[in-house]
Amino acid sequence: MRRNNLLVLDQVNAGYGGLQVLHEVSLEVEAGEVVALVGANGAGKTTTLRTIAGLLVPSAGRIELEGESVVGLGPHDLVRRGVVMVAEDRELFGALTVYENLVMGAFTRSADERGESLDQVHELFPILEERAQQKAETMSGGQQQMLAIGRALMARPRLLLMDEPSMGLAPKLVADVFATIDRIRSTGITVLLVEQNAKRTLETADRGYVIESGEIHLSGTGDELLASDDVRRAYLGL
Amino acid sequence: MSLLEVTHLSKSFSGLRAVDDVDFQVEAGEIVGLIGPNGAGKTTLFNLVAGRIPVDTGRVVFDGEDITGWTPHAIARRGIGRTFQLMRPFASMTVRDNVTVAAASSSPRLETARELADAVLDRVALAGMADEFAGALPTAARKRLELARALALDPQLLLLDEVLSGLTPAEREPLLELLVEIADEGRALLLVEHVMAAVMRLSQRILVLHHGQLLAAGTPDEVTSDPDVIEAYLGEEEQLAGS
Amino acid sequence: MSTVLRDARGQLLVLAGLAALLATVPFWLEGSARTVMIRIIISAGVGVGWNVMGGFAGQFSFGHAAYFGIGAYSSAYLLVDHGISPWIGMAVGAVLAAAFGALTGWLSFRYRLRGAYFALATFAFAEMLRLVVQGQEWLNGTQGLQVPVLAESSWWMLQFSTTSPNYFLVGLGLLVVLQAITILLFHGRRGMFIVAVREDEEGAEASGVDATAHKVMAVAVSGAMTAVMGTFFVQVFFFIDPALAFGPAESVAILLPAVVGGTGTLWGPIVGAAILIPLGEWTSKIVRDPPPFLDFVAGRSGIDLMVFATLLILILLFLPKGVYGSLAERFRR
Amino acid sequence: MSDAGASSRTGRLQTRLHVPRWVWGVVLALVVLLWRWTEVSDLAVTPAGRTIALQALTTGLLIGGVYGLVAMGLSLIFGVLEIINFAHGAFLTLAMYLTWVLADGVGIDPYLTLLITPLLMFLVGAAVQKVVINPAMGQPLENQLLLTFALSILIENALLLAFSANPRSVRLDYANASIGPVEFPLRIGGAIIELPRIVAFVGGLAVAWALFSFLNRSRVGTAIRAAGLNRTGASLVGVNVDRIQVLTFGLGTAVAAAAGVLVLPFLTLEPTTGTQFNILSFVIVVLGGLGNIGGALVGGILIGLTQEIGGLLFPGQSKLLPVFIIFIATLFLKPEGLFGGGAE
Amino acid sequence: GGDEADPEEATEDGAATETSTEAPTEEATETAAASPTEAGTASGEGCAELVIGSVHPLTGGLALDGTQMDAATQMAADDLSTDGLSITIASADSQGEPEIGQTEAQRLIQEGANALVGTYQSAVTTNLATVAQREQVPLVIDVAVDDAITSEDNDYVFRIQPNATAMGTFGAQYLQALGENAGEPIETVVYMHDETSFGTSVLAAFEAEAGNVGIEILETIAYNPFEVQDVTTEMQRVAAAAPDALVVTGYYNDGVLVAETAASVQPDVNAIVGVAQGAYDLPQFPQDTPDASNGIFDSNYHFDATKERVQDIRSRFEEENGDAMRTAAVLAYQAVEVIATAARSAASCDGADIAAAIQEVEVPEPLLTFPGPITFDDSGENENAQPVLMQVQEGEVLQVYPEEFAEAEPQFPAVPWQ
């Protein structure tokens, strides 16, 4: 195990009620990396992220953040430790304004930090400043996605978990999202990215894991995976 | 006369024109693809045809009968089956019963309906899971259950909303064959799909929706080479990947 | 929640066997214990009625007293004021309750009332009926109606001597009929549609099922079934008034057996009633006559209800799917 | 997004007091009805009739403020925990007994117990949530309803055991005193306003205001609002939702307790006293929109007015009848309540 | 709460009394089937062990009176167990629910009760009346006002207290007499009452009699006694109608509310008069509302405060139970006495025999303010049942009319705010 691993999952089992979804999932994320997790619908990508974020409690296995076990911590604890998730269905506060959503995002931060982050987020997504007083639920899908990412950034994450940030977006917006991920990486934030758009994702990521029926099937650098026959056949439809 | 004739169909949601003056036809036995960017109005169009939401203006004529304003269940029984983008199984019922419901809605005898349901399950390769609870099915099986339920209505027209998405190419293949087979029986298919490879292979015609309006219509090749479509939907890369 | 049921014949056989067994009860059980049995039957009956709507159809009713009251008042009024047999009153009550259920149900569904809103709407309807009935002179207002005692036993007037086993048998017969209706309904096409609508309304519509019609039907059937027990209640207890018939306490009493037994399960309400009523009896007995180590509770009014409430809380917390529902689930695994 | 309805559960908690303009229309309609009464009733042409009308308005307003306060607690709990708390009234009674003990036994001025009783009841509510309600979160509505119903039986009978059914009351020595030039009970145009009722109303508004400020300005309030809008969303920004739920139940109970303290000086107390607020609170909470705190307050006042004015117009009928008529009309015309934000 | 006297002590030989001690399980029924015979076969050979079932609301909103009444039956049983007659009370909680009341009554009978006493509420009592008739066991009603409970067809139900009709009728008469004796006739009233069967039936009787005695009811105002929180508007209507008197029927809490509101609004009336009002005759009332109670009248059934025996019973009761004995409890005591007297004269513990004996019984020196002995007419009503007019005078409830029961002169006109 390498020293500077930010996150380590070791033989993690997890699921819903009686249904076990993850089977002995192991993966590592180094600080500063963008790591991709790809796989088919229902493979367990979201489940993996939810488990890391503390929304699900693993039934077996270890999850360590900087060498410290975080199993059993709630999502709020993990947010305080810098693990923040952009959820698949965004989980925005629909009835609140864009501004209020962003402020909520900095719930665990001081007022000073909040102002700073707000400026950064506005710089990243100018539309969020323009539409500060619009209700979140009336924003278009793409705008909502930006808001979700912006809200997560407000918590000043060290590790950002992103679940299908390009989902529901037109091809052009998809390009924007991937550009954003690049920029986030450049600010020093580590990203664990889940995407169905395997090609794009693997191109963007430093490393990747392929998950199938709740088991890690393959891993390697983005390019290695892109070159793998298995991946090409199963996930890229080539 | 076409099986389905949609004329001047429009629908707005508090000012947003989700479907805007759309005209098209579907012939019996035809497979028609419906593509377009997210939010283009594809699902809304399905919902209008299936009677799930009331139309603002325009008409839907099916098999010579004006079905505009009909309730969804009446339309279903009249011969239009549909699947949902977000699947809606009867979670605490068994797979067989899920399908039996649809079969029984137009057959007064439950036994006949059960037999029909079993036959359909056989076709979609779910027979082995017939006694499991629908809520416990994996995604791929759920997609097939959606299809089975629609098929059990013995429909003349099937509205399929992304039945292939989320399936691996290996899983897709048998389903594609099944769809072709279904069309060969004389049923028409109207399918919304983002998996361009599949759409291209299956469809005889493709309709492209953009901002609620019909942007283009034609054979797969015509459509995919249309610069407007590339601009609005496919993007340069997708076009390559698709072909 | 149950799945759609299989094997109607098997369930009917179970019911028949159970009925045959219970039919012997009055021959070895007498007096107040028999009254307790009758209360179990009434509680089970209303629970079975509630379950059709609240369990199988998934429409949570918090105002089932409305139907109970309609059944009770219809027969009581016809009997007291016009001397009409309670059997006819029972039929009239069932029809009126079904009509009331269909009307209010249709309105509620039309306006898309769901969940807590639907529950509170049903509650409001029951309260409305209570307030309206208590303002009616011809229904004797708040004073209620009292069934005259006949000198002779009479099947036609549904009145027997206290020692007669007939009350119990009639109640049992009614319960068996209600349960048989439930079994047949939910083994059939209609019942399957009702459950499908509960599971996913839009999915059901797309499968050709008229969701609103089936919801309304479930409410009407449920209302009629509950009304039948309302009539029986009046015949056994000889008295009804607006609070008793339509009050919130009755609404709670009706949903108790189903929830404790297991909503949406065939036998849940009956099991629930068979637990709750004796439980209530047992707790009051404990206080009346405590075992030596509990001497201090003797005669302390209220303790029995506290014990009852505590047990109820424990059941709800540890068997959230109801006693029967949880057991059935364990067996299925 | 037409398919999105089922996926993410968006909560209902609304913590702004935003009175839709047409509510004033309802108020106006009530006033017009009242005026109409003064025209049709033979009494009403006399000055005495005007006094009665004025009295009905004042009384409705004053008592409505208290209803609103009780309902706010219920609505808050619903907004965050999504349970219909049948035991709300029982908690209210418990609070009243606490105050009675403090006032009658210890000799503290009843209004001073506003500093004690709600605090204690907050702890009680929080404990109850943790032990009894929390394990049932996510269970179906009927289970939770019965659970809280059982709780109310438990509380009522515990009170019976502890205090017997003997009616208790707490009365202010200074209820009829004069404060400066103002003499109580107050007389305005013939209408009588007793001191404790004014205090209850003003106190109710003050508590409501405090609650609003707390929810909208404080950090914990922010967390409560977040949890009430989207539980998962809240946990993802770092809110400890479990703790917030405990806190909210305690807070809702404390609000009921404050109402209990405020009404004690003019009601007679028995173990079942609080239950009478239950049904009205349900009505009000629906009227104001489940989870809409401001709606509950305004709904309470509207119901108070409806009761009084309805009582004038239909003297033979129960005062609850017009209330239920309004209730059902609202359910059908606006299923999300009078204040239910518009879009579905 | 009122803790009953220890039941164990009351029994000389515990066998027939608390049957359940020997049958703690659900098998109670079988043992019970045997026990009544042991107790009841005494027919014709005198009655040695009389078991009286006491059914009252021991929980819920009416528990205060219920528990007092239950304790009073126990006390009566202890007092009256003499000369070879041992009386045992088997008590049950009706929870205020008719069907529970009925089940409990049946259980008591089955476990050997030879007679029933109860139940405070008309709805529950109506139910018990049917049980009594069908099981052929006498029911002596201590408190329950509804006329319809007794009837000529039912030979097993007897009532000691004045029924609703008597309450309303006497109420009107007393009112008239009150005004006339003071030379300031009461010609108009406004009637405020609870909307339950209690209030409506008393009002009906009052209305019927009012015409006969020249009283006009200007307005009637109904309210829900369990939900009412404010009657200021109603009181303004009283003020606007300006009647000679305000008449009130209802329960405790609402009665207090009416009195306090009257004191605030101060309508121009000469008196506030309760008719069967549940608060105004209680000593607690002036204590709870010192500023709003003085001068208020109540025409109600009442223990006869002028009798020594009553004083003795009440003081012993208070000693044992802590609370002042209310009239309802005195009535429960009286009901046990009626049954005991009848059982002695029937020389039988058989229910039917006792019922027949009650029909003929004459209980002299009633504990209440009745003008003669307790005797029952064909429908089972006490022929001498009569309320008495009381008034709060200087913080005390005193009997003021008719003269033979008067502890003090009525003060009229009188309202609390003067």
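For reference, chains read A, B, C, D and E in written order, and residue numbers begin at 1 within each chain.
The rule we apply is simple: a contact is a pair of C-beta atoms (placed from the backbone, for glycine too) under 8 Å apart; a residue touches a chain by one contact, two chains touch by 3 or more.
Treat the numbers as computed from the prediction; the structure is a model and nothing was measured.
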{"item": "Number of hops, subunit A to subunit D, where each hop joins two touching chains", "value": "1"}
{"item": "Greatest separation from subunit C - chain, by CA centre", "value": "A"}
{"item": "Between subunit D and subunit E, centroid-to-centroid distance (C-alpha), Å", "value": "37"}
{"item": "Where subunit A and subunit B are represented by their mean Cα positions, the distance between them in whole Å", "value": "32"}
{"item": "Averaged-CA centre spacing for the pair subunit C and subunit B, given as whole angstrom", "value": "44"}
{"item": "Distance from subunit C to subunit A - Cα centre to Cα centre, in angstrom", "value": "51"}
{"item": "Residues of subunit B touching at least two other chains", "value": "84"}
{"item": "Residues of subunit E whose C-beta touches two or more other chains", "value": "1, 59, 63, 66-67, 195"}
{"item": "In subunit A, residues with contacts to at least two other chains", "value": "141"}
{"item": "In the complex, subunit B residues that touch subunit C", "value": "50, 52, 71-74, 76-77, 81-82, 84, 88-94, 97-98, 100-102, 104-106, 108, 110, 113, 133, 149-150, 152-153"}
{"item": "Interface residues, subunit E side, partner subunit C - complex", "value": "1, 3-4, 18, 20-21, 24, 26, 28-29, 32-33, 58-59, 63, 66-67, 91-93, 95, 97-99, 102-104, 106-111, 122-123, 126-127, 130-131, 133-135, 146, 148, 153-154, 195-197, 200-201"}
{"item": "In the complex, subunit D residues that touch subunit E", "value": "43, 46, 48-49, 51-52, 55-56, 58-59, 62-63, 66, 157, 160-161, 164-167, 169, 171, 176, 185, 190-192, 194, 197, 263, 266-268, 270-273, 276, 279-280, 308, 311-312, 315-316, 318-320"}
{"item": "Contact footprint of subunit B on subunit C as seen in their complex", "value": "1-4, 188-189, 192-193, 195-196, 199-200, 202-211"}
{"item": "Residues on subunit E engaged by subunit D in the complex (per definition of touch)", "value": "1-2, 59-67, 195, 221-224, 226-227, 229-230, 232-237, 239-241, 252-253, 256-257, 260, 264-265, 284, 288-289, 291, 323"}
